[in-house]
């Protein structure tokens, strides 16, 4: 009896450890995208570029980053007659697993191969020299060493600029004078979102209070943890914030839940793609806007460049001026302040406003 | 009393040809038993004779593989104890199932709330039962404040409260001192007079002859005979039980020397709340002497043993052969030659899921032949286990058999053999023959006598007063953690000891 | 008493126990996993086709490397489990060990290979100390190691993040520790083409640790005390085992082994602690320990099985378009199936042994 219960405890702990992270993927994979269920790669039969797309943790259906990349891929299938093969990162996977994914794609003759997310930077850097005839792209990527790679494009975004605009929107809409920010992982990339958001908010209301929380310090599971996102956002609403912006990937669904739970007059701001469109009906009235990070544009451009025979290489920055970032207007909640936001956007484009990259 | 006397006697049980098989073992076969209404029926037999199995079948815990049970002439089939209670069969286990921090009332109504509620009606019913049979229980006292005899009466009350007409008592006197036994018998006679039937399970023949109206004897899983207590003698019953006369624990002439081997001086022990568990314990054991400790269980015997073994840290001085060992840990003490037969061999004496030879190593990890420096000497340990198995007659197919598979007696013989290895100077034997069969009991007694002859000092703790009187050179009585009396076993009677064990005439 | 028939049945029983439980577990896992695959809407034949295909060269290399780390993580957990100590904190302990090891290696204070030795020792000490906190809390304050190690996991993550963010080297969008000098990197062994990768030099740590612990647990006094404490703590105390000391020592050993977990990857591939660090090995290690029933050999099989399944997750997505999450479910199913199968077989065997004993003694009594 005692022995059995002991075993049961361990088994439960172990299975929690094993499945704890997997469930997020499944959950986000199911709601609000019934029409998008069919992967375009299954039916694509064109004679255009053969694209390899390696998703980050969460995969297609995260309603955020990965889905945005998928949108770009879909556009390429439609406009460029591309065909595609996709892979997906597992939670807590080895660096070697990412490399293997890319190598397998390269061996299959795919070109270009795009890694979605900065976590692919090292893997691409390690793999690319072995396949000089194939072009690689890394969304949010960077070159980890000093040896330049002639066949790799690092597709970066001026997230600080987009965040600046939604920060301004948050400050304009806030009645309590207090707003919040939930980051997935406390790294320099997400700090860039924070910096822009805070600067944008202070530009319209200098004395506004901004609550900043991160789900994880270094563990990338912070991007796939809706429960963690919900806890962080709920705490901020409780402390008096009435607008919370998340830069936490799939964890963001928890932030939206928290906003809906917090009640009328509480707003959440989405990230990467227009999250109003994919949110459940009860959360939609709480999604003020989304900071658009046009991963789809970057993905499409990368594919197109290869298709055109002039592959992108080195660092590419998608900023406000290049339509790489922006904000969404679905739901119409920011219509009344749109002119103010567009003013700010113009000033950033012209260089009149310099948005910081560090908090 | 008046209420009870008006009830007509019902509650007869007839058991015919019960068969119960466990995988590969026949636990009960050809079991026939007739309990007449309003009688005390004794079921006797040595440990392992199949009494517990029969009892579990009667109480619906296990289903028989064959045979019939009739209650008041109607055949019954039990699939759970609930069914047994429905036809009026109740059971009092040897180990009480009471919640200490609840009152008598709460313990009684727990699980039977539907009968009389949990309020005044229930209290009145408890009071009525208590008065009718002379239990003298107050429904509102906490169980933790009750003595063993009173707790047993609460258990019986629980069964009566649920409407039992037939009460099964599993070795009810094992935990009682003689005076409490007498009180229990008074209660049982009251129950019988009011029309209840009692199935009284025991192996103490004096008691059986004193209380029973009918006696059924079991041996090797079957009922081997019936006896009339008016005419039967102890000798006859014993022969029915074991097929031969019971062995006696009596020891030979004194071998006590004047060499003090164990010397306790003012030993005390407190629990985490600073309540005294032991206080002012002082005694000496000489080489060749058996010191017996008598006492009702739970009066500090375990704590005393564990303090001497170094498993608990007390105050005062403990000297072993002139050396102060109070600051030594258990392993040092064992290495210095203390052998230890624990009261609960499953809890303190064995690794049940380890082979016998590893159990041989237990407690001897640091000594030859079990180990060699930092390594376990499996080869030597195994051959020494073979020696123990043959010298101590441990019945096992092999030394790689797991300890769990052995019967209680054989497990105990293995422990005795182990603890007598490595030239001990002091043997602490706590309830050494508890739960072992008559054959093993005699063997263990012989080993203790031999240890005494060989000049060991022996500390013997037992609930069996015959065993204590038979084996000891001196008997100390322990009560509430203090030694309250010293007796010479040649002159003392069980009644004297019982009186001292309960703190005088009460 | 020890006739040939007894020995014969004994061999048979050992063989049955050795084969029966795994067999039941495999059958149950295959059935349950297939059902899950069907529910997930994927093709069962595709799934097993991919999973059972002989892995490609690079996957074989990865399986070897991953197995070594999983083995170490599981071994660390198993040490505690053997004495009923539920060290759920291997996750935090190996992270701390990995971080400290990477920092020490990064300083390059010692030259060349000596640097490797210093870093490995530092990682072991760091892991041991981190686990030791939980051990100390248990023996001095009675805090359950389950609770304290889970807490320490969270603290480890936060602490490492803080140190990295404030003292780490800028590295793209993240931070990392200073990479180890080239003289300390260990090339490993490349069985096939360079593009298929190499088997890391320090996978040997898993072999060494496995052999050492196997010997310590089954042959030494310490191992006996550890097992005795796990089987019956009270009996161990009565036999003279100082249980508190055992708790502390086994937590320290467990943590030291946890500290080794990431060392193969550090010197073979990563060169620094940073964003690509592989999390979750500690938790997966618990599952592998269960799978291997806390025996080094069993753990080795379990580690290879888990690594195999994880590696095949990649082709699963590429070839069969099945989400890699299915593999995690499969791993969970395997663990549960093994735990249940072994318990069932153990009970069956215990009943069988009892029966055999009765028969043997009965025959003796009649003779």
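Each chain carries a letter (A, B and C) given by its place in the written order, and its residues are counted from 1.
Following the convention adopted for this analysis, a contact is a pair of C-beta atoms (placed from the backbone, for glycine too) under 8 Å apart; a residue touches a chain by one contact, two chains touch by 3 or more.
What you see is a predicted model; the values in this text were computed from it and never measured.
*Asks:* Could you tell me which shape the graph of touching chains takes: line, ring, star, complete or other?
*Replies:* line
*Asks:* Does A-C or B-C have more contacting C-beta pairs?
*Replies:* A-C
*Asks:* Per the centroid of Cα atoms for each chain, what is the distance between subunit A and subunit B, given in Å?
*Replies:* Taking the average C-alpha coordinate of subunit A and of subunit B, the gap between them is 70 Å.
*Asks:* How many angstrom between the C-alpha centroids of subunit C and subunit A?
*Replies:* One centre to the other, that is 33 Å.
*Asks:* Averaged over CA atoms, how far is the centre of subunit B from the centre of subunit C? Could you give it in whole Å?
*Replies:* So the centre of subunit B lies 45 Å away from the centre of subunit C.
*Asks:* What residues of subunit A sit close enough to touch subunit C in their complex?
*Replies:* Residue list for subunit A touching subunit C: 3-4, 6-7, 9-11, 13-15, 17-19, 21-22, 25-26, 29, 39, 41-42, 59, 85-101, 103-105, 108, 118-119, 121-123, 130, 140-144, 186-189, 192, 216-221.
*Asks:* Given the complex with subunit B, which residues does subunit C contribute to the contact?
*Replies:* 1-2, 6, 10, 219-225, 227-228, 231-232, 234-242, 350-361, 364
*Asks:* Residue numbers of subunit B touching subunit C in their complex, please.
*Replies:* Per the touch definition, subunit B meets subunit C at residues 23-25, 309, 311, 329-335, 340, 342, 347-354, 358, 361-366, 371, 374-376, 378, 395-398, 400-402, 404-406.
*Asks:* Show me the residue ranges of subunit C that touch subunit A in the complex, using the header's touch definition.
*Replies:* Listed in rising order, the residues are 56, 58-59, 61-62, 65-66, 81, 84, 86, 88, 146, 157-158, 160-162, 164-165, 170-175, 194-195, 197, 265, 269-270, 275-281, 283-284, 286-287, 290, 310-311, 313-315, 317-318, 321, 323-325, 327-329, 331-332, 335-336, 339, 343.
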